[in-house]
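Below are two complexes that have chain A in common, paired first with chain B and then with chain C.
And then the complex of A and B:
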C-alpha cells in the first residue's frame, strides 16, 4: 500500500435530494495516478458520489452535500473555491458522448479559450493537437479538424470529449460510464486510453461492467444503498472480496 | 441444486462441473482400490482392465477441461465462482494423475505377483494404502460438500503417510539386502510404495484447493513433512 497522501480525501460525505438521503457518510482516500472504479447497482449512489467530486451536484435543486471533500488538501466546498475553475481541474466525461455542435477543433479549443490558457492562435493549435493526440484521436481526425464533431463515430466522439476534458489541464478526470454506449472495440480503445492517461491524471470511473472495473482500475469501491460497503485493491475485490454483499454483487448472486 | 445466481443457468454450469469432478474422483478412487486389491490378493486377473480403464479418466478430464473453459468464456466468473472453476480444473488434473499412479501400481504389481514373492506379507504397504484410500474418500467428500475443515483433516494425515513410506522404504531395502534373489520385484515394490505416497500428496493438494475455494487463500501453516525416504541409506 502506498503511503503518499491521497489526491482526493472524502470524509463523512452525505447527500440529500430533498428529504431522501442518497449517500450515508462516505470516507474514501483516492490516490493520484490510479484508476479508482466505483461499482454498485443502479441507485446505489456511485454517480452521486462522483458528481460531488467536481460539485456537479450544485446545479441540482434540492441537493445538499455534507461532510468534506478535499483535493490536494484543499476543501473543494470551501466558500473561496471558484467552481468553474474547480471543474477545469476536475474534468468529467459522461455516459453519452456529448460533443458541442461545432467543429472538432472548436470542441477542443473551447475550454482553453474560455479559461484564457492560450496566448495566441499557434498556442491554441498546439493545445488542440496535443489534447487530440493524448486522447488517441489525432491520427483519425487531423485532416478534418474543421468538420463537425457530431460526424464522428460514437467511440471517436467519446475520445473527442476526453480530448476536450484534458485540454484545460485537469489533474482529476471523472468518468461516468464512459463506455456504456460504445461497442467492444471502441470500449477497448477507451480502456487503453484510460491506462495511458493515469500516468498524468487521477481517474475515477463509474461503471456497470464488472469486467471493465476489473480491467481498468487499481482500486475498486462497492456502493450499495448509499453506503460504501467495501473498498480495496481491485485484484482482491474481484478474486476474494471481504464482504458478502460485494461477493454477491460481483458474482451475480441473489443477494 | 440450491439457486444462488440470478442467472440460474450459471448454477447449472457449476453443478455440472462438480458432477464431472465427482465422477472423475469416483473413477480415480476405484482404480486405486482395484490396483491395491490386485497386489494384496495376489490376483493379476483385473490388471489389464485397470490399465484399460485409465483411458476413461483421461477422457473425463478432457471433457471437464472443455466444460470449464466454456463456463469461463460464457459467464466471466468472479471471486468464489472463479476460484471454484480454477480449482475444479486443478482437482481434475490431480485426479487424473492419481489414476496414472494407480495404473502404474497395477503394472508393477503384475511383476511382483508373478514372481510370487513373499514380501513380509506387505503389511505396511497395506496400511499405507488403506490410509491413502481414506484420504481420497474424505477429500472427495470434502470437495462435494465444500467442507474446508474436513479437507484440513486430510491435509494433516499426509504426515502419517510420509512416515509410513519412510519406514516401508527401509523395510524393503533391508529385504533386498537379505534376499538379493528378489531384487527386481522388491524394487518394483519400492516404486509401488512411492506411488502410493504420491497419491497421498495429490489428495493433500486437493485438500489445499478446497480450502482455497472457501477462504481465497492457501492454508497458513507449512504442512508438516515426514517423508525422509530420500535420505535413507541402508548399509548393505
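And then the complex of A and C:
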C-alpha cells in the first residue's frame, strides 16, 4: 500500500489556541490521488488539522502550530516557504459556499489572475471554461458567466468555489465539510465531482457524515479530542475498526 | 361544570390574561414610539418652516427704474498698458442726479441727503458694469434698475409698518411721500435678489451676498476631503487589517474614539498653535481651516472605515486567502470594495459635520468680515456658518431675512452633499 512516498506527511503536529491545546501529536501519511476523510465529533480538531495543511491557521491570533508537515518532502512551516505560493498549491473549499460578490467569471478568473497564470484574455477564458467544466458547472452557467455568483443555488455556489479552487491548478484540495450546507441532491453531485477530481488531486475532506466518508474516501482518519485515534483504509475502518472509540462513533453510539 | 380548577383550564385562563397584558404593553410601546417620531418631526418641521418663511423676503429686492444720463463730464475713459479700456466715474452721483430729476422741489442739502437715502449705496454698481461693458454708452441716456435701500425695501414688503407714528419709523413722512410718488409712477418693482448669490459680504444688507462664504466653504471642504479621506482610510486599514493586536494599538483605538468626542474648539486652538504660530501659515485661509477640520473629521472617518471593514464577512477574506491572495490583495480586491459604501457614508457624514462647523474656525480667523471671494486656498475667506453667525449679529433689520436665507443655502449645500453620498453609495453597491 505505502510503496509510493506519501504526498503529505505530518509528524507530531500540535496546535495550541492560546493555552488550550487543540491537537496532540498528529502523525499522518496522506497518499496522492486519494480521498482522505477526517471524521470525528465536533471540536475534535479535524478542521484545525485541515487548516494546518495550507497554513490558514497563521492568521488566527495566538494560534501556535508545532511538529512538522511536509508536502512532497518539503516542510511547509519552513522559513523559506512562501505562504502565498503554498496556498496556490494547496487549495481549500469551505463549509459554507463563499463565492466572491462578483460575477461567475470573475470568481473563477480571480486565482489565475493574481498568480499571473494566463498570458492573455483568451487563455484566461479557456482556464475559466475548463475549471467550470471540471466542476460540472459549465452546462448550467455558460450563458450567464457575467451575472453574480451569489445568484446561484447553494450547490452551484459550492461547485463554483471548487471551480475557483482548481482554476489555480493546485495539487492538493482541502475540503472542510463541503456539503454540510447542501441538500442531498446537491451533495450527491459534489460527491461525484470529488470522485472525478481524485484522478488529478490529493483530496482531504472533513465530514460529519459517516456515509459520505464511506462513499467518497479511500482512507479515513478518526479524530477525538485532538487525538488521532485511528487511521486506515476506509473499508477496514468502517467494517472492522480496531479501536473501541472508533467503533462507537461509527456505529452512532457517540458523537 | 363550574369547577374550573383542572390544571389545563387554569393554565389557559392565566395565558389569556397574560396575553391581553402583553398586547396592551405592545400597543403602549407602539404609541410611545409614534409619539416620539411625531414630536421629532413636528419640531423639525416647525424649525424648517419658520426658517424658510423668514428667509423669503431676502430672495427678492425692490428696484427703481431710472433714466440715467451718462454725462461725459463726470466719467473718464481710461486705457491701460494692455490696451484694456476701463471707465471710471462717479456712478452713484449719476444715479442720484437722475433720481433728483424726479423731484425738482428738493433743494436743501438735508432733504437731498434724505432723498438719496432711498437708494442703496451700491446703486451705482450696475451702471458702472454696464458702461464698462459698452463704453459707447457715454454721453447717452440709459434706462437702468437700481436697488433701493434695505429699509425702503422692507417698508414696501410690509416688514416696516408705515402706519406707525413718524418718530417710531425708520422712514420719515417726507421719504414716504417720495416713495409713494415713485410707486405711483410705476418705477418701483420687485426683482430676484441676485446680490444674495453674486456678491460677497457687505455692511449694507441689500448688497450683502453669500458668494464669498460659499466659495470659502467649498475650498475649505475640499482641503478637508483631500487630507482627511486618504489619511483616515489608510490609518483605518492599517489599524483594522494589519496592525498587531497589542497594548499600543488598543491605546490608539481608545484614543481615536476619545478624539471623536473632543470639543471642536480645541481643534481650533490646535490649528492656531500649530499651523499658524508654528508653521506660519496664513490666517483666515481655507488651507488652515481645511486642515483644522480635517483633524476634526479624521476620527469620524477612521471609526466609520474600521466599522465597515470589520463588517466584511470573514468568509470572503478566507476565500481569497485560500486562493493564495496576499494580505494586500485580500484587502484591495475584496475587503475594501465591499467596505466602500460604508467608508463613503462615514466620510460624507464627517464632511457634512465639518461644513457646518464654526467653533474651530473662530480661532484661526475665518470668522471675519471679508468682502472678496477667495480665489485660492491661501486667500482670506470665511465660510457659510460663520457668515450666518455674523449676519445674525448685525443689528440692521434686513439682515434678519438674510440670516435665514443663509441658513437655507447652507442646508441646501449639506443636503446636496448627502444626496451625493447616497448616489455614490448606490453606484458602488452595484459594482460588486
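Just so it is clear, the second predicted complex is superposed on the first by the 252 of 255 C-alpha atoms of A that agree within 3 Å, B and C clash if a C-alpha of one lies under 4 Å from a C-alpha of the other, contacts with A are read in each partner's own complex, and residues count from 1 in each chain.
Criterion: a contact is a pair of C-beta atoms (placed from the backbone, for glycine too) under 8 Å apart; a residue touches a chain by one contact, two chains touch by 3 or more.
Fair warning: this is a prediction, and the values are worked out from it, not measured in the lab.
Asks: Determine, under the contact definition given at the top, whether A:211 touches first (chain B), second (chain C), both, or neither.
Replies: Touch partner of A:211: chain B, not chain C.
Asks: Which partner, chain B or chain C, touches the larger number of chain A residues?
Replies: C
Asks: Examine A:239 and indicate which partner it touches, taking first as chain B and second as chain C; both and neither are also allowed.
Replies: In the superposed model, A:239 contacts chain B only, not chain C.
Asks: Is A:138 in contact with chain B, with chain C, with both, or with neither (first, second, both, neither)?
Replies: neither
Asks: So in the superposed three-chain picture, is A:16 touching just chain B, just chain C, both, or none of them (first/second/both/neither)?
Replies: In the superposition, A:16 touches no partner, neither chain B nor chain C.
Asks: Quick check on the superposed pair: does A:56 touch chain B, chain C, both, or neither? Answer first, second, both or neither.
Replies: Second partner only, chain C.
Asks: So, A:165: does it touch chain B (first), chain C (second), both, or neither?
Replies: Only chain C is touched by A:165; chain B is not.
Asks: First (chain B), second (chain C), both or neither: which does A:252 touch?
Replies: First partner only, chain B.
Asks: Mind pulling up the chain A residues that touch chain C in the complex?
Replies: 54, 56, 59, 61, 84-88, 91-92, 94, 96, 98-102, 110-111, 114-115, 148, 161, 164-165, 168
Asks: Help me check something: in the complex, which residues belonging to chain B touch chain A?
Replies: On the chain B side, the touching residues are 3-7, 10, 76-83, 216-217.
Asks: Over in the complex, which chain C residues touch chain A? Could you list them?
Replies: Within the complex, chain C contacts chain A at residues 245, 313, 315-316, 318-326, 329, 333-334, 338, 432.
Asks: Would you mind writing out the residues of chain A in touch with chain B in their complex?
Replies: 210-211, 214, 238-241, 247, 250-254
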